[in-house]
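One structure below.
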Amino acid sequence: MKVTVHRKAHFNAAHRLHNPSWSAAQNTEVFGKCNNPNYHGHNYGVTVSVRGEIDPGTGYVIDMKVLKQLIRTHVEEPFDHRNLNLDTEEFKNVNPTAENIAVVIWHKLRPHLNDALELKITLHETERNSVEFDGH
Amino acid sequence: MKVTVHRKAHFNAAHRLHNPSWSAAQNTEVFGKCNNPNYHGHNYGVTVSVRGEIDPGTGYVIDMKVLKQLIRTHVEEPFDHRNLNLDTEEFKNVNPTAENIAVVIWHKLRPHLNDALELKITLHETERNSVEFDGH
Amino acid sequence: MKVTVHRKAHFNAAHRLHNPSWSAAQNTEVFGKCNNPNYHGHNYGVTVSVRGEIDPGTGYVIDMKVLKQLIRTHVEEPFDHRNLNLDTEEFKNVNPTAENIAVVIWHKLRPHLNDALELKITLHETERNSVEFDGH
Amino acid sequence: MKVTVHRKAHFNAAHRLHNPSWSAAQNTEVFGKCNNPNYHGHNYGVTVSVRGEIDPGTGYVIDMKVLKQLIRTHVEEPFDHRNLNLDTEEFKNVNPTAENIAVVIWHKLRPHLNDALELKITLHETERNSVEFDGH
Amino acid sequence: MKVTVHRKAHFNAAHRLHNPSWSAAQNTEVFGKCNNPNYHGHNYGVTVSVRGEIDPGTGYVIDMKVLKQLIRTHVEEPFDHRNLNLDTEEFKNVNPTAENIAVVIWHKLRPHLNDALELKITLHETERNSVEFDGH
Amino acid sequence: MKVTVHRKAHFNAAHRLHNPSWSAAQNTEVFGKCNNPNYHGHNYGVTVSVRGEIDPGTGYVIDMKVLKQLIRTHVEEPFDHRNLNLDTEEFKNVNPTAENIAVVIWHKLRPHLNDALELKITLHETERNSVEFDGH
C-alpha cells in the first residue's frame, strides 16, 4: 500500500525561449514574445511528489523536513532570483520551456531519493499554464 | 519520456439538470434545486491536459498558444455566456451535469489533437465540486 | 478600538443584464453577451464584513455562527440556484449587475445588525471581477 | 468509459506526532516541533475522489449530495474541532501523520461506496503539504 | 504620497475558546465545539500591512526582508506549532479568538516599526473567516 | 452612495533592483539577490480598483469591458513579457520595486478615467508580497 506526498516550493526567475540553431525569424515565429532577447520572468511554483510505503515507525513516506531541504538545495538555491539562460549550467544548452524545466528538476532530485520511491514534478509557470513529469 | 501540459480556461453559463423521460416529481427528488426550471449558473473552470513527447526543436509538448486557441474556439466561444440547455446543440439531448460537460468537451477537442497526444479534461463546477475525464 | 470580521459565502445563480427602457440594439451594444435572453450564470462569492468593538465577555465582534446564519437566511436561501431576474423580488426591477447585487445584499443584511456595527459587502462575480459597497 | 468526481471538505483539528515506543529524545529528534505535548493544529482540507461509469438516467457518477453527506457523517462530524489524538478512536494507537489520516479516511468511506466505484483521498495539511491514498 | 505593503506569513496552532469566569454550560452555549477542552487547531494566515512614504533611495516603504524577519521573530517563532492557551504568555488570560489574536499581533509588532509607519494586521482563521485590526 | 469595482490582470516580466548612484557593495547589501545583474522575474498580478456612483442606466460604476481594455493598453501591452529595466521608458530612471511599479501604473491609468472616479492599484509581486497605492 503506497501513499503519495506532495511538497510545494517557489522560485522567481528570468528566462527566454530561444533555439540557437534557428534563424531569428523562426524564433520569433515560434516563440513570439517569449523570445524577447532582454528576457521576461515568472514566479515558478514547483510541487515535488514522492510515492512510497508508509514507514511504520514514523508514519511518514518521507520526512517533509528532509524533502523541503532537498528542494531548497537542488531547486530553490540554484534557480531562485536567477536568469535561467545565463546563470545556470542546466539551461546553457537546453531551452528553458516549462517542459524542460520540469525534466531538469526531476533529474536533479532523483539521485537524492531512495530507489523504492517514485518521483513526479509539477511545474506552474503561470496561473493558467503548468506541466508534469514523472520520469516515464 | 512523456510530459503532461495543463492549460486553464473559464466560461460562465446557465444550466438546469433535467431528465425529460422522468416525471416532475422524480426530477425534483433527484436533482433538487438544480432542477429549477428558470435555470441557475456557474463560473466553470476547465483544465485541458495534453500528454506527449517533448519536441526537440521547440521544447514543447504542444504550443500553449495553439492549445489556448483550440480551447477558445471549441469551448469558450460556444459555451461562454450561454444557457447550456437552450443555446447549445451538445446539450439539447444531454443532461448538462459536470460529468457530461467534461465528456462533451473531450469529444469536441479530441479531433483537433495529433493522435500521439493523450487528452484529459478537468471541469470545476464550483470551488468544491470537480470532475475529470480522459477518454477511458 | 474596533476590529473588522469577514465571513465568506457562495451562491450559484443565473442572470441577464438588461435595461427594459432601452431598445434591443442599445442593450446589445452596452451589455454584449451579458444581455443573452436565455441567461448565463456565475458562482457568486460574497464576503460580509462587520466592524465594531470586541465584546469583552466573548472576545467576538459578532458571533460568526450568528453571522453565518444571517447570510444563509438573507442571501444564500433566496439567491442560491435561482435565476436572479425571474425568481427574486429584488431584481424584478433592478438590473442584476455586480454593483446592484452588492447594494441589494447590503440593504437585506443591514436591518439585522446592531446599529453600532458597520457593514461592508464584497461580491465576486468572477475570479477577475469583484465589487464592494459599504453604505456610503 | 469512466469519469472521476472530486468533492472537497474541511475540518479543523488539533494533533501531535508521537511514537509511544520511542524515547522522548527520539520523538523530539524525528518529529521536532510536531511532537509538542500540548498539541498544535491545522485546517485540514480533504478531497474525496470517486471514479466510475456515468449513470445514464442521472448523468452522475455519484450524487454529490450523497457524497457530501457521507463525508459529513464519516469525516467532518468525528474529526472537526477535535483533538485527533485524544478525541478519536482511530488515532488512539495510530500516529496522526497526514499519511495515516488519509489512509484512515479511505477506510472509513470505502464500505459506504458501491464496489464498482474506485476511491482516492487527498488530504491537505498545510498550503504546501498534502498526501494522496487510493487503496493500492 | 503613501503606499501600503503587505507581507503574508503562516503559523499552525492549537487553541480553545473559553471564558473562565463563566459556567461550563455558558461556555458550551456561546462557544459550542470551539470550547472543546482537548483543543482543536488551525493553519492561521497572517498578513502584516505597513503604510508609509516610499524611501527615494531604496524605492521601498520598508525592506520586505526586514518585515519578514520581524514577523518570524515576533509571530511565527512564538506561535507556530504551539497551543495558544497553554504555551504562550499572551493568551494565558486572553481568550484566543481571531479578533484577540489580531490585536495581540498588532501590539507585538507595533514597537518594532518606525512611528511614521501605519500598521494593520489581517488574520485568516479559516478559508471563510478572517479579521482585521489597524489600532483604531 | 459609491461602489468600488475591482478588475484583475497579469503580466510576466523580468526586472532588477538597482540604484545607479550607489556602489556595487551598497546595492548588494540593500537589494541582495534582487540586484542580480542578469535579472530575475515575476508573474505580476495587478488589481485596478475604481470607486464611484452607480450609473442608473447601466447599473455599472464603469463598464468592465472598458476597464479591461484600458488595463490591456496601458499595462499589459507595454509590460507583459518585457524586461522592465531595459524595455520600458517608465523604469529607465526609476527602480522597479513593487512600490514604484504600483505608482507608475496609477499614473498611467489616472488620465484615462473620469475625474469623478477614484483609483487604487494593488500589485502582487509574489504570493506573499503585495503593495497598494491610491494616489494619496
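Residue numbering begins at 1 within each chain, and the chains themselves are lettered A, B, C, D, E and F in the order written.
Convention: a contact is a pair of C-beta atoms (placed from the backbone, for glycine too) under 8 Å apart; a residue touches a chain by one contact, two chains touch by 3 or more.
What you see is a predicted model; the values in this text were computed from it and never measured.
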item: From the options C-E, B-C or B-D, the pair that copies A-F, where over half of the contact pairs coincide; value: B-C
item: Label of the chain whose CA centroid is most distant from the centroid of chain F; value: D
item: Homomeric contact chain B-chain D: same or different residue positions, threshold half; value: different
item: Distance between chain centroids, defined by C-alpha means - chain A, chain D (Å); value: 29
item: Separation of mean Cα positions, chain E and chain B [Å, integer]; value: 42
item: For chain E, residues contacting two or more additional chains; value: 127
item: Contacting chain pairs - touch in the sense defined above; value: A-B, A-D, A-F, B-C, B-D, C-E, C-F, D-E, E-F
item: Parts of chain C lying in touch with chain E, wherever the complex brings them together; value: 1-9, 54, 57-61, 63-65
item: Contacting residues of chain D [partner chain A, same complex]; value: 17, 19, 22, 30-32, 94-100, 102-103, 127-133, 135-136
item: Interfacial residue positions of chain A with respect to chain F in the complex; value: 10, 12-15, 33-34, 36, 38-43, 80-83, 86-87, 126-127
